[in-house]
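What follows is one structure encoded as structure tokens, with my remarks underneath.
All chains are identified by letter, namely A, B and C, in their written order; residue positions are counted from 1 within each chain.
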Amino acid sequence: MKSRFYASAAVLALVASGATAQDLIFAPGEGAFTWDSYNAFAESVDLSGQTIEITGPWTGNEREKVDNVLAYFEAATGATVNYSGSDSFEQDIVISTRAGSAPNLAVFPQPGLAADMAAQGLLTPLAEGTADFVRENYAAGQSWVDLGTYADPDGNDQLYGLFYRVDLKSLVWYSPDAFDEMGYDIPETMEELKALTEQIVEDGGTPWCIGLGSGAATGWPATDWVEDMMLRLHEPEVYDDWVTNDLPFDDPAVIEAIDAFGWFVRNDDFVQGGAEAAATTDFRDSPAGLFQIPPSCYMHRQASFIPAFFPEGTEVGQDVDFFYFPAFEERDLGRPVLGAGTLFAITNPSEGAEAMIEFLKLPIAHELWMAQAGFLTAHAGVNLETYASDSERAQGEILADATTFRFDASDLMPGEIGAGAFWTGMVDFVTGADADDVARAIQSRWDAMR
Amino acid sequence: MDNIAGQNQGSKLAVNITVIILVLLWLLPTIGLFVSSFRDRDQISNSGWWQAPLAVDLNFRTRVAADNPREEGGSFILEGNVFADPALASSFPDATGTVSAYGTRAVAPGEFAAGEVSDLRAGGTAVVNSDGSYRIETPEALDRGPTIYFEARTPPKFTLANYRTVLFADGMDRAFINTLTVTIPATIIPILIAAFAAYALAWMDFPGRGLLIAAVVGLLVVPLQLALVPLLSLHTHIGIGQSFLGIWLAHTGFGLPLAVYLLRNYMVGLPRDIIESAKVDGATDFQIFVRIILPLSFPALASFAIFQFLWTWNDLLVAKVFLPSGSDSQVMTVKIADDLLGSRGGDWGILATAAFVSIAVPLVVFFTMQRYLVRGLLAGSVK
Amino acid sequence: MSPVFQGMLTIIIGVGGCVGYFYFSNMLLDKVIFPAKGPNTGRNINRANQVRPWLFLFPAMFALGLYLAYPVVGSFWRSLFDRSGANFIGLGNYIDLFSEGTFRTAVINNLLWVLFVPAMATFLGLLVAQLTDRLSWGNIAKSLIFMPMAISFVGASLIWKFVYSANPDIGIINSIRDAMGLAVLDPLQVRFWNNFFLMFILVWIQTGFAMVILSAALRGIPEETIEAAIIDGANPFQVFFKIKVPQIMGTIVVVWTTITILVLKVFDIVYTMTGGNFGTHILPSYMMTYMFRDDGRATAVAFVIMLLVLPVMIWNIRQARNEMR
């Protein structure tokens, strides 16, 4: 009985892995994809029998998409790619590199963490010429090179990370039907956005859905708000100094940004369930209010990845749409955009790992995910027709129209701040603590690190 | 011995009621989880699990297709049935239902009673009848069909989809096997080692015995978090790294003090004359241990086995540190915490199911070994 | 190689190795080193018996030493260094910790946990054990109350989200409040008391453990003592508190200690329910925020945990000593 069970379990496992390797979701040679580069890659690289381990933050739905992309790599090279996603990727990667069981490649959502690990000698620099490639082939290439370049243990700057997938953060999601029915217009400036917020309350509605819950990472969505506010209140240079702590966290400039976020979140009328509920509502649950009938909120500020968490069958562009989180007219700071992205870095060098980086340089690696939706890229060589929808093309335009593009500050700060004190500080702030106190506490944590 | 519980009818009733209340209190959260595991995500966020067996009024939206309007007397007419919308097929599988009210704005989905004719904001009229058929009349052809909201009673609905997802699609099978691979050796090895040590500490005479017992008791309270960092370095150093072997050793080390402590307590309580007469007959300590002590201690061994099994089965921390993070070696707790709680944080149904699946095996183990528990653990310390 | 096969192989190697070790080392001792024959039979048997306890003890002592004693020493040493591990800073980590508000909250919360959870779980376990003792459906009741033991902490946290959720459509507390016309409130954000809400989850899990063991102990009490008390006119409460409880005191202490030890290891509940926010951090969860970022701090926190249970430890050693006499 027992052995029979084991045997059937093993067969099951075999069948499952066999199936994923064969399933290519887009038939090779068809569609708007850049197949030429793929075919050339497939001919020049043969990795039969090799296994490539990748660890990253994508789980569930997103994991399926990345698996679909990697299936093309497997088909082209004959290698086996094992991608595993974890919600606590940040801890897992540190533990596994220390234990000497690092995967070949890791997908970092936080350049700060990658920089830490590079400084400890746990990452391998990318092949020479990669920097030039990125500079030439990525939109605003130099900035992506800079974001992937860290000091090695000897203090020399090297390129460690290749960006694959960009998230646009300065987006507000809304239901076009609801706006239409209530006669609301899309706000063009922050002043209008605030006026709209008040207008909705006057009409008896609740303007915002905000959810900061994310298990042990509770609080991070609030850091995006504050970062967006920083970019809308101050020059980008102030933002850069804030990231490196040349501008202390308790500087009035930062406190002003926290308070600007507070204007939205700390008003019980403005937030679904009240300010307190925002702190515990899971960020993945929070957009649900947009889709309820009657709607329990009208707007949700969240990055471009959030449609993955919309109810099943939701069509972006029809059931839900987005607008640019606007800037203050009075500040005259242009159209700043906050973004983030994930980068591939080699944690355990192998021929397969190098080949994977080469694969990710191909436009098709980006197009394959673009076509599955929920993916933006800075790669300029991709065929824009492969974007799954007009709305994602429109997000690409927001990126292109940006007068200022800045990377998510909390992802650039050291882990204890950007993935620790900043998160918990924001939860304290949302639940009633003073912006001054919160900022001071975060700064003192930063001071205590040295 | 009919004391407290049996004084009179009144107190018997009181005892029964108290126990019923306690049991219900204990059971309630689990029932919620159980019921939720058979519901889909939308149901869970729309009504509490306690309402699951009841039919509920829910609001729905349907987008009327604007193509091919029928022109009739100068106005354009769109006709159809709201229940025919394929997007609502999961709620109305046979495309029929009863509309109690409808509306044309999301804020007031039940503004008009079924059959009542209402004015459209863009001009024209709309009506939705209780059987779901609608008729929209506009003076001009619409380029975008209006959205109709309606209220309809939906029967209670339970689904096995969550179980299908968890059991077959998400690599949970692998996690299940991994969990077994971790727990079985991590249960057997410490018991075996601890049994020998416990026997030595209970029945063999040697200098330093008291000191060793004190040391074991002392180590009982070492928080295992303390050991994680140095041990991971050690494992890396000697080449074990993050692996199943590493986690077995770790669970063995962490489980030992309690095992030794409890088993020694039990063995001390075994009748002295049996052991001494065996010695007189010329049996060696090894023979005494194998032939007398082990069979006699079986209840204690079994009960410790249950507890150690439950602890290793449900462990998250040790697994996170001593096993690689890849899906090849994820155990179920890690799978739930990192993968399911992460990517499907909003999907309560999937989560509930995953939790239930992970409970199943320990419950089976518990119910099959329950009788040893009752006699088990502490017969020795009850003196 | 399939993990199933690997697992079975290692079970066989591991278990077989252990059995083999005990069997062959004994044989070696009796037959080769100190053979119980020839001119020195008597002396050899004595010598063999002097060595044998150590044969029995060796694997356990080795594992305990390696997995518990060595880390204690090692981590204490590590906690005296800064985050890079290169610079000796004495008690710097401890001083920094105690100057941090969150840490002080975590210490206080942890004390509450250590006091409340074992006490409550033991008390409820004893109560259930006593009440179900003579009940016709006692075993069913016990099984149901034991069930949470089988649930992982992560699963338990999930279950309790259905109780505590601030959304009245999901959390039962808020749905009751909603039905009674009270404002919705988030139980996990009620300062101070939220700690107890979290603790109750652990009590809910551990009561079954206490109940099972205590009910076995209650059944082990000789009936004569109870009958004698009843004849002397003692009422049920007197019988329970004056006769039964003192007799099973040893078991109560063991249960209490075991749960206390468990409390010091549980970070999962806080970690998944609140992430340590709203003033609910306890030391194990607080330690997780430093773990693998700043080992010096993390080990220092672990040592504070250890200091917290020092009284329990000393008391237990004393107890064991008394038993020996």
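As a working rule, contacts are C-beta pairs under 8 Å (C-beta built on N, C-alpha and C of every residue); 3 or more make two chains touch, one makes a residue touch a chain.
These numbers were taken from a predicted model, which means no experiment stands behind them.
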Where chain A and chain B overlap in contact partners, by chain label: C
Per-chain CA centroid nearest to the all-protein CA mean: B
Where chain A and chain B are represented by their mean Cα positions, the distance between them in whole Å: 30
Distance between the centres, which are taken as Cα means, of chain C and chain B, whole angstrom: 21
Whole-Å separation of chain centres (CA-atom averages), chain A against chain C: 40
Sequence positions of chain A contacting 2 or more other chains: 9, 13, 91, 95, 98, 214-215
Per-residue multi-chain contacts in chain C, two or more chains: 4, 167, 272, 291-292
Of all residues in chain B, the ones touching two or more other chains: 45, 174, 177, 328, 337, 341
Chain B residues within the chain A interface of the complex: 41-42, 45, 59-61, 63, 87, 104-109, 121, 147, 149, 171, 173-174, 177, 232-233, 235-236, 241-243, 320-321, 324-328, 330, 337-346
Complex interface listing, chain C residues touching chain B: 3-4, 6-7, 10-11, 14-15, 18-19, 22-23, 26, 30, 49-50, 52-54, 56-57, 59-61, 63-64, 66-72, 74-75, 78, 124, 127-128, 130-135, 138, 141, 143-155, 158-163, 167-170, 172, 175, 204, 207, 209, 212-213, 215-217, 219-221, 223, 226-227, 230, 236-237, 239-240, 247-248, 250-251, 254, 257-258, 260-261, 264-265, 267-268, 272, 284, 287, 291-292, 295, 298-299, 301-303, 305-306, 309, 312-313, 316-317, 319-321, 323-324
Chain A to chain C touching residues, read off their complex: 6, 9-10, 13, 91, 94-95, 98, 214-219, 273-274, 276-277, 279-281, 415-416, 420, 424, 427-428, 431, 441, 448-449
Residues on chain B engaged by chain C in the complex (per definition of touch): 1-7, 11, 15-16, 18-19, 22-23, 26-30, 32-33, 36, 44-50, 174, 177-178, 180-181, 184-185, 188-189, 192-194, 196-197, 199-201, 204-206, 209-210, 212-231, 234, 244-245, 248-250, 252-254, 256-258, 260, 262, 265, 268, 284-286, 289, 307, 310, 313-317, 328-329, 332-333, 336-337, 341, 348, 351-352, 354-356, 358-359, 362-363, 365-367, 370, 373-379, 381-383
In the complex with chain B, residue positions of chain A that touch it: 9, 12-13, 16, 53, 55, 58-63, 82, 84-89, 91-93, 95-96, 98-101, 103, 175, 177-178, 181-182, 204-205, 213-215, 282-285, 288, 293-295, 309, 311-313, 318
